[in-house]
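Right after this note come the structures.
There are two complexes below, and they share chain A, which is joined by chain B in the first and by chain C in the second.
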Partner chain A sequence: MKRLLVVLGAVCLVVLLLGAMHDLAPASVELHAAVATNLTASGVEHPVTAVLLNFRGYDTLLEIAVLLLALIVILAIGMDATISAEATVDVRPLVNPVLQTLAKLVVPLMILVAVYLLWAGSFRPGGAFQAGAVLAAAAVLLHLAELLPSWQSPGVKLRLGLAGGFLIFLAVGAVSLMQGALLEYPLEQAGALILLIESGLTVSLGLILAGLFLLLSRDDGETS
Partner chain B sequence: MTGGLLFASVGVILFAMGVAGVLLLGHLLRRILAFNIMGSGTFLVLVALAQRNGIADPVPQAMVLTGIVVAVAATALALALARRLYVLTGKLELSQDDEE
Partner chain C sequence: MSLEFAFDLLLALAMVWSAWRSLYATRLDRAIVMFIAFGLLMALAWTRLLAPDIGLAEAAIGAGLTGALLLDAYGALQRKKI
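Up next is the complex of A and B:
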């Protein structure tokens, strides 16, 4: 009965939304035109990066804060060492030399790709998030190949790395707040500031995303 | 029907499937997956509707990029909570005592 009701409700929702989308009024604000006009003042040439780090920089600031918060909560609830091996089933693939060699070959290339993506973000699709995701994937690959132990309890260096991107972003925000408005960069330094923030974000995002996996993964890894 | 509208329709269907999944599935892992499908549908609608006139709008694209990263964080948090629940109770389902 409940199943039927929910399915019916979902179908109604689809019909309603499709109907609403079909005769949608044209957008009242032409945002892409506004972005295109102000692109020269943003310090970067790619519109998505300009929106992410200049026009709506506070969204990105809050986003990295949310990521950091999620990681802190995971650290708080997941750091119970007693849950170890009996409670969980080890589903990792068996270590084999092919996987390990492949990981060793691919990870340097992935780091190169991450740096390229970071650099490309200023003039074509790319940027800190994509670069951070590639870095995190490299760390997870290393972990699955058993070349990188899971993180039991982050040390000072790792904590700095995790929070660094957010702190750099926050510092830039604070300085710009003193000189005018929050995250409103001076025209001539905008490009350099965005690159600075993006570099910090890349490292922190990579570490945080990898941490979301490596902190939850339990093996007999050592404290890092 | 333009390409943008077609993608948005797929997004709507994904969203409704996700909603039904969150409501119907008992297993927490499946529920988290359904929640992610819901999110993907929303992202698809946002991006597709923004370019239904044939011009890509960077603002919704940037918002969706932000949303994807936040969704990853939320999923990881949900998985950690589900795992904690499993360790504490041995089950991956929420108790059904609110049914009466």
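Up next is the complex of A and C:
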């Protein structure tokens, strides 16, 4: 009986949702046309990159800030785990040689793909987030193949890399704020500035996303 | 029925099926594998919706990184049990 009621409620919800979807009002603001007409002024040729890094650059700035904050929180609460990691004796099982060889072959290609995605972002689907995710996947693969140890305590270089993308973005924002509005690039330098920000973002995002894995996996010894 | 429509229908059915299997799997490792499969299908769906940007990010973050994290957590849980 109870089950029947639940199923009935779910069916009612589905019908209501389908009905709501059917008479959805047309979008009140025609953003597609606005982006298309201003695309030449953005410095890039791909509309998604133009929106993410020029028209709505503020959102992307906050996005990378949130990701960095998440990683800092992990660093802060994960500090007591270092003691247990040091206490464990190194009793790793045999390393899989096939996996290691494959990782060594694939990782350079992944870095190449990441650079391509970053470069392609200005005129076709791609961009900093995708490139950063591929970089992070490469780092995770290296860690799983036991070629890259987990990050016990991040040094100065790693910390700089983690925060670098956000700092570059913030610096560009501050300079543009002094000259006019926040993140409003001058027309001639818009393309170069976006590429600079995206390069910084790629490195930082790759390190942050990899850090979510490599900093957490130090818990209870090495990941085998 | 055109070929594209058939593909979309198959994709939608496979997504619902894999989501169901990942929620109702009795073994945790199977649930994780089904979740990764769901992420890859989701990436395909985004590409079919003409959003290859989101598809790329979904494949890399949703299926790849999240899947690796979940498998790592599963391994840690198994080691704790022993």
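As a working rule, the second predicted complex is superposed on the first by the 190 of 224 C-alpha atoms of A that agree within 3 Å, B and C clash if a C-alpha of one lies under 4 Å from a C-alpha of the other, contacts with A are read in each partner's own complex, and residues count from 1 in each chain.
One rule holds for everything that comes next: a residue touches a chain if its C-beta (ideal position, glycine included) is under 8 Å from a C-beta of that chain, and two chains touch if they have at least 3 such contacts.
The model shown is predicted, which means the values in this text are computed figures rather than measured ones.
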The answer to whether chain B or chain C touches more of chain A is B
First (chain B), second (chain C), both or neither touched by A:Val134:
second
Of the two partner chains, chain B (first) and chain C (second), which one does A:Val172 touch, if any: first, second, both, or neither?
neither
Name the contact category of A:Leu162: first (chain B only), second (chain C only), both, or neither.
neither
Is A:Leu212 touching the first partner chain B, the second partner chain C, both, or neither of them?
both
Contact-wise, after the overlay, does A:Leu117 reach chain B, chain C, both or neither (first, second, both, neither)?
second
Taking the superposition as given, does A:Val51 touch the first partner, chain B, the second, chain C, both, or neither?
first
Go through the superposed model and pick first if A:Leu13 touches only chain B, second if only chain C, both, or neither.
first
Intersection of the chain A residues that touch chain B with those that touch chain C
48, 129, 209, 212-213, 216
What residues of chain C sit close enough to touch chain A in their complex?
52-53, 56-57, 60-61, 64-65, 68-69, 72, 75-76, 79-80
For a test of understanding, state which residues of chain A touch chain C in their complex under the given definition.
48, 117, 125-127, 129-130, 133-134, 136-137, 140, 144, 209, 212-213, 216-217, 219-220, 223-224
The chain B residues in contact with chain A across the complex are 5, 8-9, 12-13, 15-17, 19-20, 23-24, 45, 49, 52-53, 55-59, 61-63, 65-66, 68-70, 72-74, 76-77, 79-81, 83-84, 86-87
Chain A residues within the chain B interface of the complex:
2-3, 6-7, 9-11, 13-14, 17-18, 21-22, 24, 26, 31-32, 35, 47-48, 50-52, 55-56, 59-60, 63, 66-67, 69-71, 73-74, 77-78, 80, 83, 87, 129, 205, 209, 212-213, 216
